[in-house]
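Below: the structure, in C-alpha cells.
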Amino acid sequence: MNFLSIPVLIFSPLIVALLILSPFFPNNEIKIRRFSKAFAILHFIYSTLFLLFFNPTNFGWSYQKELTFFNVSWLKTLGITATFGMDGLSLVFVILTSFLVMLAIIASKSMIRTKHRIYYPLILILQSALLGVFCAKDVFLFFLFWELELIPMYFLISQWGDRDSSAAMKYVVYTFFGSMLMLLGMLVLYFYSFSISGVLTADIESLSMSENVFAMWFQAFIFLCLLFGFAVKLPIVPFHNWLAEAQVSSVTPVSILMAGVLLKMGGYGIIRFNIGLFPEVFSNFAPLLIILGVVNLLYGACLAIVQTDIKKIVAYFSLSSMGLVLVGLGSLSEAGFEGAVFQMVSHGLIASGLLMLVGIIYLRTKTREISALGGLSQVMPICMYLGLIICLGAIGVPLFSGFPAGFMVLVGLLLSDIEPQAFLVCMIVLCVLGAVLSAGYILRLFHKTFFGSVLSQFRADTVQIDEDGNEITVVYPKRGITKSEIVVLSLLAFAIIFFGVFPNSVLDIFEVTSDIILDFMKV
Amino acid sequence: MAALETIFFYILAAVLIVCSFGAILARRVISSLIFALVWFLGVGGIYFLLNATFNAAIQVLAYVSALLMLLFVAVIPFEKEKYSFWGILKPRIYISALSLLIIFVTLAWAIVDDYLVHILDIMSGGFTLSRSLSTVYTIGERLLTDYSVAFELVAFVMFILTVSIGMICVIKQNEEV
Amino acid sequence: MDFLTDIKVAFLPELIIAGFVFINIFLSLFFNKKFYKTSQWIAILGVLSAFAAIGMVQAEPTYQAFNNSLICNVYTVFFKSLILVASFFVILISHKVIKKKRAKAFEHFSILFCAILGAMLLVSANDFLSAFAALEMLGISCYLLSALLKNYRAKESSLKYLISGIVASAVFLFGVSYIYGITGTINFDNLMLALEGYQGSMLFALASIMVVSALTMRISAMPFANYVPDVYNGSSYPVGAFLSIVPVVAGFSFLSRFLLIVSPYSPALGVVIMIFALLTICYGVYGALRQTDMRRFMGYSSTIQSGFMLLVLGVVNAYNISSLLYYLICYLFMALALWAGLSMFYNSTGRDDIGAYRGVAYSRPFYTTAMIFVLMAFAGLPPTSGFLAKFFVMSAIARLGFMYIIFLLVALLLMVVGVCVYLKPLRVMFEKTSENINMPNKAVFTKITLYVCTAVTILLCLYSAKIIEFCELIAYSL
Amino acid sequence: MNAVLTTISEYFVQSIATVLFLPLWVVLMIFINSSIPFLASKKMTLNLTLGSSFLGFVFAVFSLFYCIKNPQALVENNITWMSTDFQISFGVFVDNLSALMLVFTSLICFVVQLFSFGYMKKDESFHRFYIYLNLFMFCIFGFILASNVIQSYVFLELVGVITYLLIGFWYKKRSATRAARKAFIINRIGDVCLLIGIVVLVYFSVVFNSAQNMVTLSYSTLQFAVETLYSMVSDNAYLAIGVLIFLGIMAKTAQIPMQNWIVGTIEAPAPATALMNSFGIVAVGVYLCARFYPLFILSKSLMIFITFIGIVTALIGAYVAMSQNDLRKILAYSTSSQLGVVLVGFGVGAFSASIFCFVVHGVTKALMFLVGGALITSLKNEADIRYMGACREKLPLYAFSFFIGAISLCGALFSGFYSEASLFNSVLDFGNEFLSFGFLLFVFMSAFYLFRAYFLIFEGDKKDDISQDFSEWTIKCSIVLLSLIVIFIGYILRGCFGDFIFFISPDKLNYLNLVQNVLLLFVVFGAGFIAYQLYMAQNKTYIILKEKALNKSNLPYKLSYNAFYFDKVSDWFAESLFLRLCRFFDFIEKYVIGGIFVVLALTTRVFSYIFSRSQTGNVQSYVTYSLIVLSGVLAVVAVLYILGSLMGV
Amino acid sequence: MSVVFNIGLYHYLILALVIFCIGLWGIVVCKNIIKLLVCAEFILNAAGINFVAFASYVDVENLSGLVFSLFITIFAIAELVLGVLLLISIYKYKRSADVEKLTDMKG
C-alpha cells in the first residue's frame, strides 16, 4: 500500500522526460520511442493500482501526502502547502489521463517523424502537469499545474502541427486569459477567507468549510471569476473558438490529448471549485449552467453538420458533448452529476477514437476534405469495423459508453428540484434533439469517409518528412493500418463497449465524492 | 529699509524672467549665453537679498567661469549654424507650454493658499531678515559635520569627471571606430 | 563618532569600492594594452572583497554613521549585497567588451565602481542631501558608462540619458525643497519627528508626488522611462545589464524608505504610484510587442518588470515590502540570465536583431532550454520563480482589500499580453531555417552566468520558503 | 407425459437466458472461423446459426407450454446494470405475449437463415452477413425477453443499429448506405421521443414510489405504476406522455410521418429485408405497443389518436402501393399499411385480434419477400414487375407460394382470413362509420395491389428469358416450409387463442360474425376481379379506363407513385431550412466569434504600432511626455484636494 | 509703510516656480544643445533659489538649505561639463548641434 504515493505518480513522467532530454540518453529515434512507450504502459498500470487500495476518508480524500522541501512546506508564510490528495473524482481522471497518454505515445509511432528527442519529453511533461491538476489538494498548487501545461502544449501544437498557423498562440492567449481571471477569483477567495476566518490556508477542504460566511454577491463574484477561467478550458460557447483551430492544426496524438484530457480539466475544475466551494451560489446559477450546456450542445451539433474538414467535425463533436456535461452538472441531482462525470470519461475515449480515425485517414489520403474522401472500407476493413464501434459510441447507442451518460443526465435533469417543470422538460427536449443531430453528423462523417464506391486517393504508402528533412516513403501492410494503430483503436473500442455494458464500474469509484459534494449542496 | 528690498526684489525678478526668455529665444548662441550670464548675476543678487552671501559669491564665480569656458570652447565653432527663428511650429511647444502652465498653477495655488504660507506670513509679519553674522561660518560648520559624506562624494565626482574628460579627449587621437 | 570608526563599523564595503576606483585609475596609467585581462580579475577581486566586508557590517540596531547622514541596518545590508552580486555577474559578462577596448579597460571598471559606490550610498542615505549626492553620482557615472563605446549611438544615448536625468533631478530637488520648507529639516529621522502631528496639505501631497515621479526615472518606470530603450540600444551589453539592475535596485530601496515616511501623510500617493505602475507596464508591453532589436526588447521588458514591482508599492506595509524584496531577487537573476544569453549570442554572431535567432533551437539545444526558462520567468509561467514573484505581488494587491481589485484586474490582463510578448522570441527560435548558427561559445564567463542564473531562477521557485521568510524578516525590520 | 412436459418446460424457462447469449457465442465462433483463411467454410457458419435459432425455437416452444400451463407465471432474475439515484437492472421476463413472439421470431429467423445460405452463397462477405443475422437475433431476443422498460429501450436501439447495418450491408452501393443512414436517423428520432417518455416515467416512478427501491418500471409492476401515474398526473400531461411513447412506436412501425424509411429496407439483401419487414424492427414497435397497452388504454383520447394514425397510414400505404412498379416497394408499402391496420386494432381495443393479425402478417410478409427475392435474382435482378411476365410456367413453386401469400395477406383464404376477419369484426363492432368504411377501403386496395402484382408477374405474356440455375435446395425448402406455416398457422392459433394467452383483456376472438365475413370476402374478390380485368383480360372498357387512370400526368397517380412526396418534403426541410441555419451558425462562428480574437490581436498590434511611432527618439519629446503625465497627475490630485477642502473633509 | 508690504517667502517660491517652468519649457523648445544645457542650468538653479529661500525663512538656525543649494550648483556645473563633452563628440559625427538630428535610435 505504501508504495502507492501520488508525488511518485505525478513527478515520474517529469523525471523520465528530463532523463530523455539529458545528454547521456542515446539520441536515436527508436530507443526513445520504445523507452517512452514502455514507461507510459508502466505508468498506466501503476495508476490502475491506485484503484485497488482506494479507501476514501470521511471527506472522500485518500492517499493524502504533503510534499515538503527539507521539512519546510512550500510557501509556509502564505499558508500554501504542496499537498496532494486523490478522491473518487480525481482517481477516475488520473486513470483516464494515463490511459490516453499511453495511447497517444503508441499512436505517435507512425504519426511523428521529426524531433523525437523533444516530442516525447514534452508529452511526458504534459502528462505530469495534467496529473498534478487532478491530484492537487491546494488551490494554488492546482493553479500552478494548470499553468504548467501551457508551454508544452504551445510547442506540441506549433512544432509538429502545421507550422505557420496562429492556432498555438491563440490557444495560449485564450487559456492564459481564462487562468488569469481564475487567479483573480482564487486570490480574492483566499484573502477574504483569511480576513474572515483568520487562518491563512489554501487547502480546498478547509476553504470549502469557511464558505458560507461571505456575502452572497461576493461569493457570486468569485464564482463567476472561477467559472470564467474554466469556461475557456471546457469550451463554453462564447470562448470555444480556440478548440477547432487548435485541433485542426495539431498532430493526432496531441489533439487526442487535447480533446481527451485537457477539456476535462475545465469540467473537473468546475466540480472541484464551483460546486465544491460554493454550493448555494451554484444552486442558483444552475439554470444558467443548464442553458449554457444546451446552447453548447446544439451550437456544436449545428456547426458539425456543415463542416467540410473532418477534424473540425470531431472538434465540434467534443464541444457538443461537453455541453451535455454542463447540463448534467447544472441539474444538481446525483444522477445528473454522475451522468456528467461519466460523460466526461466516455467523451474522452470516444473523442480520442474519432481523432485517431481522422489521423489514420489523413495519414493515408493527405486530405481532410470530406468531399475528397470515400471508399476507404475496401482498403482497410478492420479500421472500418473499429470505426463503426467508435461512431456508434459517439452517437450514444446503448451498450456503448455514450448512452448511460446521456440517460443519467436526462433523468437527473428531471430529478433536479429547479421549480419550473416546463423549463426542465423543454431542456430535455433540446438535449434529446442534440442526440439526434449527433447521429446525423457522425454518420455523415462515417459514411463519407468509409462507404461509397469512389476510392479516394489512397496510397499504399505515404511520404513523410523525417528528422533532417528528406522524404521517406512508409509502406503500409496489406490490411491498411499499422499494428500500433490497430492496438490503439481496439483498446479504445474495447473500453467504449466495456463502459457501455458495465457503467457501474465507473460510477462506484466516484460514488463517495458525489455524495459528499451533493449533501454539501443540500445543507 | 524694507521698501528698498522690495524694489530690489522686483527688479531682480524682472531681470531673471527677461533673461531666461532671452536665453531661450535668442537666435544666436552667443547672445543666449550673454543672457544666461546676466541671469546668473541676477540669481547672485537674489541670494544676496536672502542674506546668503557665500552662496551668491560661489554662484557668480562658478558660473561666470563656466559660461566663459563654454563661450570659447563650444560656442565659437557652432557660430555658423543658422536656425530659422521659430523652426517648424512643432505641436510639442504648445503641449509642453500648456502642461507647464498646469504645473505652475497647481503648485502656485498650493503655495499660496497652503497652511504653511499663512503661518509664515504671521511669523514674518514685521519680520525682517535677521541680519545675523555672515552665513559663511554656519555653512562651513554644516559642511564639515553634518554633510561631510556628501562633501566627499562631490570630490569623487569631480575626480571621475576629470578622468573621463581625459579619456574621452584621448579618444580623439587613436580613433578606431 | 568620528569618521574612521564609522567607516570601520558600518561602511567598510564602500571604502573598499572607493579604494578600487583609485586603484583602477592608477593601474591604467602604468599597464599598457596587453594586460587588459588583469583588469577584469582586479574588478572581481574588488567586488568579492566588498561582499566579504558586508558580512562584518554591524547591522543589528541601525547604526547612524557620519552624523546621521547615512545608516546601516539589515535593510541596507540586504540591498548592498544584491547590488554587489549583480555587479559581480555584470563584470563576468563584460569580458568581451574589455577585449575590444583594450586601452581603457581600467577606466571602464573605475567608472563602474564609481557607479556601484553611488548606488550603495543611495541605499544607505538617511537625508535628502546625501541621497541627492548619491543619486547624482550614480547618474553621472551611468551617463559616462553608457558613453564609453566608441560609436556615435553611445554618445547620443548618453546625451539623452543626461538630459532626462537633469530634468528628473530638477523635479526631485523641487519636491525635496517643498518638503524641506514644510518640515524644516532634510534628515529622515527629524523628518519623521516633524511630521508627527501633520494633517497633510496639498503642497505636501504635490511635493511627494514630484519626488516619487523623479525617482521613477532611476527605476525606469513611467513618467521618466522613455529614455530606457534608447540607452540600452546605444550602450554595450554589460553596461545595459548594469543599468537595468543596479540603479533599479538602489532606486527601489530609496523609494520604499521615502514612501515609508511620506505615505501616511499623503493619501493620494498610493493610487498615483499604482497608476504610474500600470502605465509603465502598458508602456513596456506595447513597446516590446513589435520590437525587433533585442536590446530595445530588453529595455522594454525591464520596464515591465519594474512596473510590476512599483505596483506593489502602492500601499507600504510589511507584506507588500516582502513581496517587493522577493520580486527584486527574482528579477535580478532573471535579468542577469537573459542579458548573459543575449550577450553570448551577440558576441558570437555579432547581430542582435530578433531575426538572427531563427533556428537557434536546432543548433544549440541547451542554450535554447535555458532561454526558454528565462523567458518563461519574465512572462510569469509556473516552473520558474517569475511565476511565484508575480503571484506574490498579485496576492499582495489582492490582500489590500476590495478597493484595489480594478488594479489587480488590469495587471492580470496586461500579463496576458506580456505572455504574447515573451513567446515571440521563442517562436522565432524554433523556426526552421536552412543555415545553422555557429555559436563559438568561447565566452566562458557569460556561459557560466547564463546557466547559474537560470538554475537559480528555477530553484527560487521550488525552494522559496526560506527566502520568503528572509524577505519577511527584512520587511518587518524596516 | 404432461408432468414430464411441465418439468422440461420448467427447466427450459429457467435457463431462457442461454437463448439470449447463444447468438453472441455463435458470432464469436463465426468470427474466429472466418478469420482463419483456410478452414473458413460457409457450411460451418450456416450450421452454427441454424443450430442457435433452432435451439431458440425449442426454448420458445417449451416456454410457451410453460406459460400455457400456469398463466400468471412470470420469470425474473435481475442483475443491476446502473445505480445512481435510481437503480436500473437487466433481467429476463417471460409471459404469454413474450413467449408467443419468441416462438415466431425464432421460427422466422430459422427460415431466413436457411434461405440466405443459398441466396448469399456467392457473396464474398458471407460470414459478415451471418454475423449480422446472429447479432440481430441477440438483439431481438433481448428485446422480447426484456424485464423492464429501460432494458427494452436499450435493446430497441440495438435493433435499430443492426437494421442500419443490414440495410447498409452492400456498402459499395451509395443508395444502400444513404437508405441505411435515413433509416437509422428516423428510427433515432422515434427512439428519442420514446426516451423522453421513458425518462418522464422513470422520474415519476422514482419520485412516487421511491420507498422500496424496486426495479424501476419493470413490466410486472407496470400496471400498478401506470395506474398511480394516471391518478397523479393531469390528463393532458398523461396524454403527452402517451403520445411521446406512441411516437417511438410510430417510427418503428413506419407510421405516417416517419414511414419513408421502410422503403429503404429493400436495399438490404432479400432475406434481411424479409426478416426486417416481418419480425424485425417492425415487430419491436408492435411488441412495445402491446407492452404499453395498459398505459394507452387508460386515456380515451390516446386510443382515438392511435386509431386515427393507424387508419391514415393504412390507407396511404395501400394507396401508394397500388401504383408502385418495383415488387419489393409494393411489399414494403404493404407492410406499412398492414401495420397501420394492426395499430387500428390496438386503438379499437381488440388486443388479441391485432396481435394475431400482426403474427400472421409477419409470417406471410416474410414468405412473400423471400419469394420476391428469389424471383428477382432468378430474373437477373430485374425488380420491375412491368418487365416480368408469365413466370408461372418457369417457376411454378414461386408462383404458387406467392399466390398463397397474396391470398392470405389480403384476408381471403388460409390464416389471413382468420386474422383479417377477427380484426374486421372488432372494427365494425366498434361502431365508428368512418373507421369501418376506411377499413373496407383498405381491404379493397390491398387486395387490388396484391392481385395486380400476382397477375403482372406470373400471368400474361412472357417478357424475357428466365434463368433457371437458381435452384438451390435451401431456398426451395425454406419457401415450402414457410408456405406450409402460412397455411396452417391461422388454424392452429385460432383454437388456442382468446381464452388463455392474453391475461390483459381476454376478449374472445370473435371471428364468426357471418355477415361481416361475407362482406369481407365480397370486397376482396371484387378487388381481385377488377385487377384481373385491368391487367389480364383484353376488355376494351377497362383498357380505356386503365389509360386514363394510369397516365403519368394526372395528380392522383403522381401522388401515389411518389408516395405523397414525403421524401421531397423532408429533404427540402432538412436541406433548405436546417442546413441553411447551420451554415449561418458556421458563418457566425468563423467571423463573429473568431473575429473577436482577430480584432483583439489587431487592436494590440495597432496600439503598439502607434506606440512605437510615439517613441520618436528625440529627447525633447520624451521630456514632453513626462511633463504631460506629471502635470496630469498633479492637476488631478490638486483638484481632489480642493474638492476635499471645499467639502470640509 | 504697510502699503508696500515686505517680501514674504511665497514671493521667492513663486519666482523660483516661474523660472522652473520657463527653464523646462526652454528644454523642450530649444533646438541647439547648448541653449538646452543652459536651460538645464536655469531649472537646477531655480531649485537652488527655492532651497535658499526656505533656509533663510524657515530653518534659520542650521541653514542646511544653503548647503543644499551649494551642492546643486556644483552638480549642475558637473552635468553642464558632461553635456559639453558629449556635445563635442557628437559634433564630430553629426557636424551639427541640432537636437532634432539626434534621433538615430527610435521605434
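Here are a few things to note about the model shown:
The chains carry the letters A, B, C, D and E, assigned in the order they are written, with residues numbered from 1 in each.
One rule holds in what follows: a residue touches a chain if its C-beta (ideal position, glycine included) is under 8 Å from a C-beta of that chain, and two chains touch if they have at least 3 such contacts.
Model, not experiment: these values are computed from the prediction.
Chains making contact with subunit A as well as with subunit B: C, D. Chains touching both subunit B and subunit D: C, E. Chain centres were defined as the mean of their Cα atoms; on that basis the chain farthest from subunit D turns out to be B.
Here the chain at the heart of the structure, going by C-alpha means, is A. Of the two interfaces, C-E and C-D, the higher number of touching C-beta pairs belongs to C-E.
Remark: subunit B and subunit E have CA centroids separated by 5 Å (rounded to whole angstrom).
Taking each chain's centre as the average of its CA atoms, subunit A and subunit C sit 44 Å apart. Between the Cα centres of subunit B and subunit C there is a gap of 31 Å. Centre-to-centre separation between subunit A and subunit E, using Cα means, comes to 66 Å. Residues of subunit B in contact with two or more other chains: 92, 96, 100, 103, 106-107, 109-111, 146-147, 150, 154, 157, 161, 164, 168, 171. Contact of a single residue of subunit C with at least two other chains is seen at positions 129, 132-133, 136, 140, 144, 147, 159-160, 163, 167, 181, 202, 206, 229-230, 420. In subunit D, the positions touching at least two other chains are 612, 615, 617, 619-621, 623-624, 627, 630, 634, 638, 642.
Applying the touch definition to all chain combinations yields A-C, A-D, B-C, B-D, B-E, C-D, C-E, D-E. Across the complex, subunit E is touched by residues 2-3, 5-6, 9, 13, 16-17, 20-21, 23-24, 26, 29, 32-33, 36, 39-40, 43, 46-47, 49-52, 54-55, 58-59, 62-63, 66, 70, 73-75, 77-78, 81, 83, 87, 92-93, 96-97, 100-101, 103-104, 107-108, 111-112, 117, 120-121, 124, 126-130, 132, 135, 138-139, 142-143, 146-147, 150, 154, 157-158, 161, 164-165, 168, 171-172 of subunit B.
Note for the complex: subunit D touches subunit C at residues 604-605, 607-609, 611-612, 615, 617, 619, 621-623, 625-626, 629-630, 633-634, 637-638, 640-642, 645. Residues of subunit C touching subunit D in their complex: 159-160, 163-164, 167, 171, 202, 205-206, 209-210, 213, 222-224, 226-227, 229-230, 268, 272, 275-276, 279, 283, 286-287, 289-291, 417, 420. Those residues of subunit D that touch subunit E in the complex are listed here as 612-613, 615-620, 623-624, 627.
The touching residues of subunit E, counted against subunit D in their complex, run 24, 27-29, 36, 99-100, 102-107.
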